[in-house]
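Just so it is clear, A, B, C and D label the chains in written order, and each chain counts residues from 1 on its own.
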């Protein structure tokens, strides 16, 4: 009775969330007719959808049962199966939260598009379908429904990427994105096909049941790794990501980077840990290596960017890398049958997915705010926002702290868990692994510090200092909705950082349902100390550290207050910054984004494909008297030249070669038919 | 039988009327009216067949397989007629056509439909041949309707190539008759498919193989299998757009239908013999299919002319269907039947939008077609969505059928999925690299919206979408019955 | 086991005629003047109709007389007349038209004939009768006319080749299967007629569009866009 | 395992932390004095650094016009983090409940947090020096961190834990043995410590020459109590590394069961160890010159290699 009701509850919530998303898409069809109401048409249902989705996620992650349904859609012999289990619940929750935040952010943000040339209807419909598609992906329980939802997600997001289609660059990146998405989808389809043993029954239950010989299962795994990796953006398949994510409207970028990548991760987890079952440690090693490379590569390139959204996109690649590292560790430990250790890795991966969704969306929304306020994406022209928009600056700071994995914020918890998992390497008998894992962990540490450097750079250049361009010097604080959206996400970053034990207890329902085990954290007052393995081995108390920070802030407050009205402390005086006595220190003399990352560029030079240009036009024969000196530096992703351009060239060559068939001469065509006939006759005799 | 008579007679009557009638406005409406009538009668026919099962005298034979194609033919014929009325109106207005040619156009349009229906409904393989030749003759003058040098050239090539192809088919038919004459004494019966199918096992394999090769090459020319496809892009690109729509949507299907019928006989004959691989017929089709699919996908990349682009995509899809029928087996056949339908619908919808697009730009050169979405959203989005559908994106029906085909391929020939998937990716890239600049971007100067009746396009795309989301059970059973007819095994 | 001499005289006559038909298509290949080609085509038609009559009298299939008459009218009188008439109007009556030298063409042709025999070799059912040889012969005729199609450049000679192809088919029909069902034959005849008319129409269109009948100049529609 | 909630142990932890903080300036000053002796200069008086701090605390604050609130909050957070870090390091008593608050990795995280704000503060005012300082600081740390982590790994492999006090207990309880892994780890930790605390040859705390300074460049705009807090934090950090090096590898003398006499011994022991370390540090700083900024990666690569060798030997030689 009671069970039934809870079961019913989650079912209704899920149903509502999907339907409201679709309703948003449908209502938006009329957006262009009621321009004034267009934003409401889209965002009110979306808001509801977000709420319902996150509520549904919560219900199941707090222990209520999920459900399985069949819809009368799809193939006659393969109706759509939907299944809502803890794993789906987590990711549906993620989708819900971010959708919720985005629907707070959106109305104020899209207002400027109302005056523009681009259609509201397109944006609305595509957004609604995009969200609905993602929700269906995590719900789907058979290959057919999964593929449909997956491609719905891809196509909708493609249309959003191509939304501002007047710029040729946007069109190009949209094309690249859709092409990669298509190839990825094909690989995924293949993976499912192989897994099903080329069987006609493609429901996930059948896939779970299927037993594969080891070569075939390896093939299936490889296909899935690259198929989902294509979407998740693992190196070297990441190339579309920094092209596509930035060009979409910012709240869409938040959805793509924050959520869609997670959906890809979901697919990978679902495939590897649920459908394929008992992963071998060799696959784990592959995932681990790919993950480490992806993470390092992503953060290094993020450091080199000066387009804010591009930078964020590259940092998404980095975080995906981190998640894959965790997954790799988990698979290694499961494969060498230390399930209780693999569990930590899996939980860390899930945790980091949640965290990255939170802070990356937060950061993208922050970037969106800047763009909306001063139409500027280039770091080199920003500066001093902290003086003009304090709240945005505060929220963005929280985002930066979280993504740089600093205690007591959420990024740190997941990365700490990953390191803890790695630290259990001695438990493995295989010496190679015991060496490999620490090195991977070291790369992870390098990554996280580089990430910190990267976001010091972002925050320091964009928000601190003084505005480098005229139009960023007089920006105003963003509207209420935008602040609310960022506030919600920032708050969640704090909460999930300070109370890891609660979140982990929620996550362990997932491991329960996938592996059949859950994390045992044996301390009194578990909420205070996070001790994944055992209290002796490692412990971390986020609340206490948070308390420490708060005390420090309090101290400052006290001193600040006292210094106001205590005669003994002399009052503060303001002077110009020290200018070595030359005078006339101005904003253009600040350290620039390029110069900030120069040392790292120097050190990791071979990894980059750098084009420097120095324009120095001066009076003839007196170099010192320069009229103007301009310096530009472009860092191009090296995989273009290594991989992508050659493939393109090759396709074109083959196409040209083939097109010679169509000579235009009738006699040649007749000759073709003649010889075809001869060949066939010869074949049959 | 009455339903059948109506279905066949209505187009003939329409042809005669339209040949006499000379007012362009009225003839457009009349054309539409006639097409609607024949669609209704074909539905009636389908209803009878689905209720009573296959029937027919000795000259005509209707079963679930060909009645399905009959309905499809009349349906696409109808929607294309809806589309063609304003389109041809516009052509008259910009004086690309004269009234007399319009008369010719309408008459041959109905004549073409008639030959299609005849080819589908006849029981006599000889008549089937005659009807297909008649289809060539009916359309060749339409291809050269504009009398431009290019159109003349295209028509000439179309005429000679299909003529030669059809001649080869006739030789095949004669050999078939030769083989049959030994088994079936009454030479009036000897070419009747229903009779042959009954006693196919007794036909002499050696003769049947040679006959099959000739028929395959002959009708394959009409299907547009590489390397016999050369007429296809020319004819599609130079003729008026409604004709491209029906050529792609119908003629190719019917030619493939003929091949499948013959394959059924050949398979049965080869089963009986020992000195031939019983799968030979299927393997030949698969070979043609894969080659056509991949080569056409590569061709897509270097197109300049929008209609050529999509005609190559037609070749690609026909290749896919041929491949699927070649695999045989219930799943593949089911997928192939579904693919016939969704491809006809999608491709004719695309050709409709393409027609309007080229009217907007005043040319078929893709370099001049730009910013459709801004110039005329209906056309732009129609083209974009249609192309997404034809490229096999869910939730459109093409995805469904391709999904089935891939599954079937994985079951029987796992390693053949690789070229297929490669071809899919290539084809997608080839289509979109041309499509994006056309639909997106700012609206060019001097280009303005034209009068568009986007109803048929929307109907088609909606149907395709519906098929992608769920196949209605009656249709599924229909396909299943056809599948059982072709392969002998039911899928469901 | 039979030898040629055991066959009834009339069948020997038929086979002889078939050989002559084959010879005629060799001759067609060898011709390079338009007018000669057309004339040779007419001769082939004549041979065909005679052969048809013989078969008819041999098998007593009466409708074959009708088809013989039809052949005579269409392929011996009407079509050659039409072609000659048009080529005179187009002023190409005495033009040369051959892509490769006739000698080489003939060599290829004879190779083809041998190939055709090898193709029909595995047919056992008809090993006893003359039918298999007839199949081989007609197959050869078809192949030769396709070869001719490939090696001709003028539209008009291509049409002749096309018609020769039809001849081959018709020849196959009568010699191997004593004609097709009446429906089919009528249909075929009808198609041939329409085809001829349309050909006639096209000559002038082509003429107008490229100032000659040289189909090699019909190469606007090609993918060779360097 | 200590009882996390007994007030006594918390009291001990608190007093130990206070002692730690008090000792920090003393240690720094001690190093200064030794250097002066070695360089034949007149050493500052024993309590000099206390005086400096007091002076700074009472001085008037001068802020740049362009300084933002963050610039004023940063010192408190930097100080707070180093305070917390200090509280988890076993100084006199091995097992303090606070040690459970953070293991080695969290310790690194705390430093990172402080550094993050330090670097931001450097960029806040918008002078190019600050930016330069932050950029270099982040770069060097980024390179130092992997080595640091490998060291932690080695320790964790030997002691099967990352909890500092547990490591110490483990070392105390295990029979005295010469482990190559620990030897290498020790060396690596020293090098990393030098880099992290910005001592010669990586950075020169005494230098205010614009083009060479790193840590000082970030503090350039600070004055008064803010500067005092920053300096104090730096002292504590140096102290922490010293104590870590001392107690992790040579833990003998540290209190395991709390009696007055033991505490006395422990105080003497730690003082002695620190004194020795100070002398070594001073000697080293006198012997070598500061290196160019782009030599530092090599320096840290060496540190990383040593740490790696340590870990490998832990895996290969000491696999048990």
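List of remarks:
As a working rule, contacts are C-beta pairs under 8 Å (C-beta built on N, C-alpha and C of every residue); 3 or more make two chains touch, one makes a residue touch a chain.
The shown structure was predicted, so the numbers you read here are calculated from the model rather than taken from an experiment.
When the C-beta contacts at A-D and at B-C are tallied, the pair with the greater total is A-D. Here the CA centre of chain B is 79 Å from the CA centre of chain D.
One simple way to say how far apart two chains are is to compare their mean CA positions; for chain A and chain D this gives 35 Å.
Rounded to a whole number, the gap between the C-alpha centres of chain B and chain C is 31 angstrom.
Distance between chain C and chain D, defined via averaged C-alpha coordinates, is recorded as 101 Å. Among all residues of chain B, those that touch two or more other chains are 156-157, 160, 164, 168, 210, 233, 299, 302.
Touching of two or more other chains is recorded for residues 119, 122, 146, 149, 158, 215, 218-221, 223, 225 of chain C. A list of each chain pair in contact follows: A-B, A-C, A-D, B-C.
For chain B in complex with chain C, the touching residues are 59, 124, 126-127, 129-130, 133-134, 137, 140-141, 144, 147-150, 152-157, 159-160, 163-164, 167-168, 170-171, 173-175, 177-178, 181-182, 187-188, 190-191, 204, 206-207, 210, 233-234, 237-238, 275, 299, 302, 304. Of all the residues in chain A, the ones that touch chain B in their complex are 72-77, 117, 119, 144, 147-148, 151-152, 154-155, 162, 165-166, 168, 171, 174-175, 178-179, 182-183, 186, 189-190, 193-194, 198-200, 202, 651-652, 654-656, 658-659, 661-662, 666, 669-670, 672-673, 676-677, 680-681, 683-684.
Those residues of chain D lying in contact with chain A across their complex are 1, 4-5, 60-70, 72-73, 76-77, 79-81, 83-84, 100-103, 105-106, 109-110, 112-113, 115-116, 119-120, 122-132, 134-136, 138-139, 141-143, 145-150, 152-153, 156-157, 160-163, 166, 210, 220-221, 225, 293-294, 297, 304, 308, 311-312, 315-316, 319.
On the side of chain C, the complex with chain A involves touching residues 99, 115, 118-119, 121-122, 146-147, 149-153, 158, 215-216, 218-225.
Every residue of chain A that touches chain C in the complex is listed here, in rising order: 659-667, 670-671, 673-674, 677-678, 681-682, 685.
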